[in-house]
Every structure is written in structure tokens, then in C-alpha cells.
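Order as written gives the chain letters A, B and C; numbering starts at 1 within each chain.
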Amino acid sequence: MPVIDISHRKKFLAKGNVYLPHIVVIEKIIDETPTVRTFHFNFKDEKLRKEFTFESGQFAEFSVFGIGEAPFCISSSPTRSGHLEFAVQRVGRVTNALHRLGVGAEIGCRGPYGNSFPLDFLQSKNLVFIAGGIGLAPLRALIWNVIDNRDKYKNIDIIYGARSPADLCFRYDLDSWNKDKTVNIVTTVDKGDESWTGREGFVPQVLEQVAPSATKAVAIVCGPPIMIRFTFPVLEKLGFTPKQVITTLEKRMKCGIGKCGRCNIGNLYVCRDGPVFSYAQIKNFISSEY
Amino acid sequence: MTKKINKRDIGKLLTQWNQEFAIFVPSKEGDTTKMTSWDGKDVSFLDWYRNTVIPPKASFFPPLEEMFHFQKNKGSYDLELPASDGQKKLIFGIRPCDAKALAILDMIFKDAYEDPYYLSKRENTVLVGLGCTNPYDSCFCTSLGSNPSDSANVDIMLTDIGDQFLMEAITDKGKSLIANTSGLDDATEADEARAKEAQETSYRKVTKRVDTKDIEERLLSCFEDQDYWEKVTAKCISCGICTFLCPTCYCFDINDELVKRQGVRFRSWDSCALPIYTKMPMENPREEKWQRVRQKVCHKYEFYPMNFDVIACTGCGRCIRQCPVNWDITQILASLPVKV
Amino acid sequence: MEQRLRTEAKTLLEQDKVDYIIGFEPGILKFTTTPLITKDKDDIDRLVINSFIANNLANFLTELKGRVGIVAKGCDSRSIVSLIQDNKVAREDVVILGVPCPGIIDLSKVEKLVGKDRDELDDIAREGDKVVITTDGKRNEFSITEALFDNCLGCELPTPQEYDILLGEPTSPVAEIAASQTQIARLKEMTPQERWEFWKNEFSRCIRCYACRNVCPACFCQRCFVEETEPQWALPVPKWQDNLLFQVVRNIHVAGRCTDCGECERACPVNIPLRSLTKEMYDIVSDLFQFKAGMDKDAPPLMTHYEQEEAEDLVR
């Protein structure tokens, strides 16, 4: 298995047991769309509140006690301290339970797990962010990180799509990126409504129209599997090599640490060796299993 | 330090060890067999025991395990780990294939974050191996770098030499236990010669084979061959038997139960054969049966070797013996359509 | 019978009357058979019919797309008919190759009879109403009724009633009804408390492999209630209470569909006597509604059909 160094993270273990969550408190809830909510949270324990660190792209396991546990990426950027965020789409048992919670509720949290976006590799490159729906959540943890260290990176293109205008997440981010002259952002929806004046079309198609240059560029992709499947070939057409394409994947997970088995792509585990992968790493196995 | 013991004295030996250890021996529950706590008397397993249906992994990684308890108090939660019994355990009669399986499980449970539940039990347990004299026709351990007398993964190894067992200490744990055990005789050269002969006889009794040469490459080359996988998996019924009873399968699920204000988080066996294992609300990457069986075969013979340099199969044959449709992994491995 | 089967099966494939043939071929292990599901006429010569063709092949019908020629013993044919009644299988899509079945040999009974494991036996042969088990070169004769599966002893339809091709002469039931219900009779003699303890003990062994559900032709749901999470009817972990709940609900769901083929009990890797539940339900259904699953393809299915005059009895 690829060797991973988690020694610096072991200090975050509750009672030395990797499966035992810490208690975190929900501090704020933002309705992003009819089915997506962002939760601002922080540790109940003062010491952890100060010491907890993570990197853009990492995730944590959150639990509603008595209902169960599910993984969510930490959607805030480590460059912005004060609180942590994760965004939840209401789709199943745990996410429904999370949506029923209010400010002040206690939930379990263990992590951070997984790898993170390769900041060193991204430095001095043109960055093309491609996201669909709630897939913007992990990317925004990186986008804010990049914007907060703006001089380290070259051009920033963001292509973001959702099913409908009502399904666009993080509108407050979209607004500030729109205003930021150092960021090119294109927003699209599969199907607009009467008030929608922006682009219509699926993300891969819009990507092909926008046609960002592959020269000294890296594409960072996150969205539903169907979007990812159709985005890879377009990027290839635009001249991006598999190494120039980075994605962060979602699979059903339980343990979050590479043991329970279900999130593998070939010999790699999305929770342990990912969730951030280069397309080069996974292309052997991804075609028929993602 | 090779010793021997009369078979009729095994009860006495276990009684002696029972002072220090909780002893687990092969036992019958109806028609099912597994390692269970010794009742202090019965050693009849010496007559019927070939291998248990439930693999000994269950002693370290049980089908159902409490990870922690939680209590709800006005919206706050107190979490509590289960108390460890601290009891030292001894498994008597583990077969070489199953002991090897534990060595394979150690790798995943030690990887990166240590798994406290499995490892604490493992560290607390002495394995006393018992070589096979009567392997099943479904056994194929000799194809996987082991054999019916393999002592590589136990603390003490017993070999049947007729009326007696030859008893070898393999690890330091085993050596110190034997040093502190009374009533053992020193083995003679003749005993050792008899043991060697018995081991050779057992080796020859394992006739089933798999060819593991270039197996990773062979599996990779037909990974996308949907027609092949569909054909060889047509009769699979997608139950969890082969994985649950596999001594090296370690997949698990995590679930909560909350009754009134008391809750438990459980870990339980899970299986890549069940569709729900990978099911997400919108998609299932392994919706089809052939994809799931492919995962099972590739995980054992391709992915695990890529990660840990060992095939995650010990040739114990349980998946073949217990399959309701008599699906046979060795047939699959022999029939891979290799593309050069 | 075997030769006739091969000829018929080959013809069906050659004349493009079916897309698949489902039958049995010898298993790798001694005295076993394994389902053969094929489109390839070169595979047909591997088809066998013998005393070990235990699987209920009707189970595969709901997942195969296309027309299927299927080998069916009496109980299997009832499962096929039941699937037809439930609109899960179209009659015109199956060619039933009926096998008059004098009962299937239960290897675990054979092992007990001679005190040896299956792979230690030289031969198991059925000779009329005897079974001859040869071990270490020695013949051991037993009455066949000692070696057949419990459900075969009480079989009500050894020869398929619904078939396209009948591969042999009709055979009569073994009709050892009492012997087929030994376990159930034992349970009925218990006090409720004893029975509860019995099942608690049995279901403590369950590992939730779902083999009982997955071998069952009557368990054809795309999504099983036990896997639902909103609401979660039973915990998806092997706690005995939830194991029992799963099995009780499964039983209710297969009531009027279960043909007493015995597959659930045969498949169970930890030997829980599941047929004691399904057969009891079978008898209850039979008494209460005078309904036996899979006997008449034109009869409406029991649980999705309601008769006005049932009201009084049903809502008591």
C-alpha cells in the first residue's frame, strides 16, 4: 500500500481509539439549496479547538449518535480559521438526520482523514476548477486557500454547474469570485428558469466551449460520477494529460481509514489513498467502476 | 526445545493452561463448528475436528462487536469505550491456513491507523496450531505458500505422531509457555522423524491446486472483460457466505443503535458480495453481480498483493465447501482469459 | 433421462427457442452438482440429472433477460409457476424441462449416517428405496428415507404439473410426512418459553449472510425491506433480535409463495432450521386459505388478491 504518514494526525485521536469520535457543536446552519445545508461547527473541547489542523481536500467522519456516521469533506479552507464547515446534501439516513439538527446540536466528528490537494504541484500553474452541484464543496476548500495565497498561483478558471439555478451552492462564494478580477468564473445550469440569464448546458459541454488551455495548467474536478465520467474525455481533448487532471472522489465509506473495504478503486482506497487522485492513478480501474 | 504429549493428556494440559488463559477449542453448535470457550472437560474435538465452519478470525474480529457506548443527557453525549476483559486467551488447535490468515489480517489492521479492537485481542492471545492429517478435498493451501503442517504463524505447533502430539515452540511466547508447562516429555529423534513423515503424508493429501504465477497481471489483463466475468458469475447468488466464512476477509460495517437514551455503535461483518455494500444514494459502482465477484477475486489475488505483497487467500477451501451453488474460486483462477 | 435432457436442451438452443439453458452440471466436489447457466450449446453435454441436484433453479429466472429453458424438479416447477402468478416471469418465456423427482439426497444426513464427511466417502448410490453408502470399500445400506432432505420426505408434487417437456415417467411422493416434520413436531411440543429460548439460541448464530433470502425464488424483491434505512425496520447487524425479526418478516413476505423447496435451510451456513418456520407458514396458509403456492398458474396470487368473503376471517 502506498505509505502514508499520519503520525502528526494521531494526536487528534480520542482516547487513542481511531473509531471514537470527538464531540463537535453546530454553530451555524446555512441553507444552500432546498436539499443542501452548510454546517459551521467547532470542537466542544477547548484544546482541540485550538490544535486541530487539516488540509484542503481532507474529510472527516461525522455522526448523529443513534443514527450513524457518514463522511463529508471539510468545505472550509484551513487558511480561514475560527470555525470549520461541511456541506450536506439530504439523500439518506444520516444526511436526513443532520438536516433535522439545529444550532447548538452535538454531533460526533473524527478525522481529518485522507490526503489533500497537492499544493506544491499546483504552485505556479494555471488552475482550472470544474465542479458540479455539491461537488463545489471540496473545491472551495482549495479555491479559498489558493485565493488567500494568490501570488503563488497563475490563472484561476472556475467552471461550476448545477441542475437548476436553485441547485447552485455557495452563492455567496460565487458572488465574491465574480467580483474578484483575478478569477474567471463561468456558472451554468442544466436547465434555467424564467429569471436565469446565465449559461445553460452540462458542465462537460460548457468546459468544451470555454476551452481553457492545457499549457502549464492543472484541472481539478469534482462532481457527481456521471459528470466526472464525461469530463475526463473533454479534458483529454483539450490536451490535458492524465497527470494534469486531479479529482476528488466520493464513494460509500464507513471507517474512513482504509479498513472497512468498500471504497476501493483497484488497490487504492478513496478514504485512505484519496479522496484526491490524479486521473493517471486511477484510470486503469475507473472506467467500469465509477 | 521440542516436546511431546500423549493425546489422552490433552485434557490435563488444557486444564493447566486454563489457570492462566481462557482456552478456546473447536466446538460444535448443532452442525456448525467454531472456536468457543472450553468447558474444562471435553476434548472430543480431537476425534472429529478437521476445520471449523466459522473461521478463528471471529475470535479477533467477531461478527458483531460493540465499538463504544454513548449516553444522551439533554442533548449532550458521553462516549465510553467497552471495558477490556484483559483476559489472556489461548486458541488450541488452530489450523495453519487460519493462522496464516491472521498474519494476513494483521497487515490491514496495523496499516496506518491501528485497529484497537482487533489488535488488542491479537496481542493477548496465544495460538497453538494443530497440523492437519486429513485435509478436505476442497483444501489448496499448498498452492499458496503454506502446507498442512506449516508452523510459520503460530506460537506453538502440534503434529500428530500417532498416540502423541509432537510439540514445538515457535515464538518466544510459545517458548516461555512450554517452559512453564509441566507434564511434557522431551521428544526423541524418532518422534521427530515420525513427525516429518506425517507432515509429508499430509502434504501429499492436498491435491487441489491453483496456479498463482503472474496472477496479478493475469487478473489485470481481463479486468474489463465483462463477458467473461458475467459467464463465470452467472450462478452466484450474491450471498455473503464465501466472504463471511473466509478467514482473510475483513470488510465491516458500522451501525448505531439507540434505545431510550442508551446507545451503542456496532461493528459487524460486511461483504463485497452484497449490493448494498457499495450502494450510494444516486449510484452503485458495483451494482452488477459480476462486478462484485470480480472485486472479491481481484481483492484477494491482485489488490491485496499489490498493497501487502501477499495473496489474501490461504487455500482453506471454506468458500468452496460452504457455497450454496458450489462456486469454486480455483476454477475461476484457472479459466482467466489471459491476454498477452 | 440425462441423455434426453441434453438432446432437448441442444435442440432448444439450436432452434433458437430459448436464449439460455439453466440446468445442473457436476460440481467440483464429490457428490455435488452446480447450476449451469449457459447460452452455449457446447456446454450442454455437461448437463446431469442425479440424486444431488439440490438447487432450486427457478431462483435465476428473475435475473435473466430472455427466454430460458429450465430444468425443474417438482418443487422448482411450483416456484416457476408461483413466479408466473406474481407476474415476475412470463409463461411464454420459459420452457420447463420437467424432471420427475424421487427426492434429493441430503449430504449432511448421509454424513451423519456413516459418521464420515462427504469427501471421505467412496460412493453414494440410490438403489430403489435404498441408499448405499460405500466407505473404505464397504457397502452400508440405509432406507432412502433416512437420506433424503426433510422437505423431500413431505413432497406434494414430485413430478412437475406445469411443464413443456417431461423428461421421464411420473413418480409418486415419498410421503413420509411425519419424518418430514420431526423438527417442527419437536418445536410444537415445547412451551412458548422453551420455543423462544430455542429460536433465540438459533438466531444468535446467524451471521446475516442473506443466503436464505438469496437462494429463495420467492424472495424476488429488488430492494429487501431489511436494507431500507428510512425507516430502518431492522438493524443491519447480526443481533439475534434483528436476525429473528428479519426471518419472521421474510416468512410473511414469502407466505403463499413458498413451495417448501427447502433451499433456505440447505443454504444456511450455520444450520439454522429455517424450514421449521417456512413449512409452518406453508401449512398455515394452506389451512387458512386452502392455497398452495405454485400449483395453478392461472390462480391469482394469494397475498395480492382479496376475496370479499375472506373479510370475516381475515379481520378477526
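Some points to look at:
What we mean here is this: a residue touches a chain if its C-beta (ideal position, glycine included) is under 8 Å from a C-beta of that chain, and two chains touch if they have at least 3 such contacts.
Being a predicted model, the structure only gives us computed values, none of them experimental.
The greatest centre-to-centre gap from chain C, using C-alpha centroids, is found for A.
When the interfaces A-C and B-C are ranked by how many C-beta pairs touch across them, B-C comes first.
Taking each chain's centre as the average of its CA atoms, chain A and chain B sit 38 Å apart.
In terms of their C-alpha centroids, the spacing between chain A and chain C amounts to 49 Å.
Look at where the CA atoms of chain B average out and do the same for chain C: the two points lie 31 Å apart. Contacts with at least two other chains are made by residues 92 of chain A. Those residues of chain B in touch with two or more other chains are numbered 253, 255, 257. On the chain B side of its complex with chain A, the touching residues are 67-68, 70, 72, 75-77, 79, 81, 108-109, 111-117, 220, 223-224, 226, 250-258, 263, 265, 267, 270, 272, 277-283, 285-286, 291, 295, 298-299, 302-304, 306-308. Contacts from chain A toward chain B in the complex involve residues 1, 4, 6, 10, 13-21, 23, 63, 65-69, 91-92, 104-106, 108, 224-226, 250-252, 254-255, 257-264, 266-267, 272, 284-285, 287-290. Note for the complex: chain C touches chain A at residues 229-230, 232. Contact residues on chain B toward chain C in their complex (touch as defined above): 29-32, 50, 53-54, 63-64, 134, 136-138, 231, 234-235, 237-241, 244-245, 253, 255, 257, 266, 268-269, 271, 274, 276, 289, 320-322, 324-328, 330-331. Chain A meets chain C in the complex at residues 92-93, 96.
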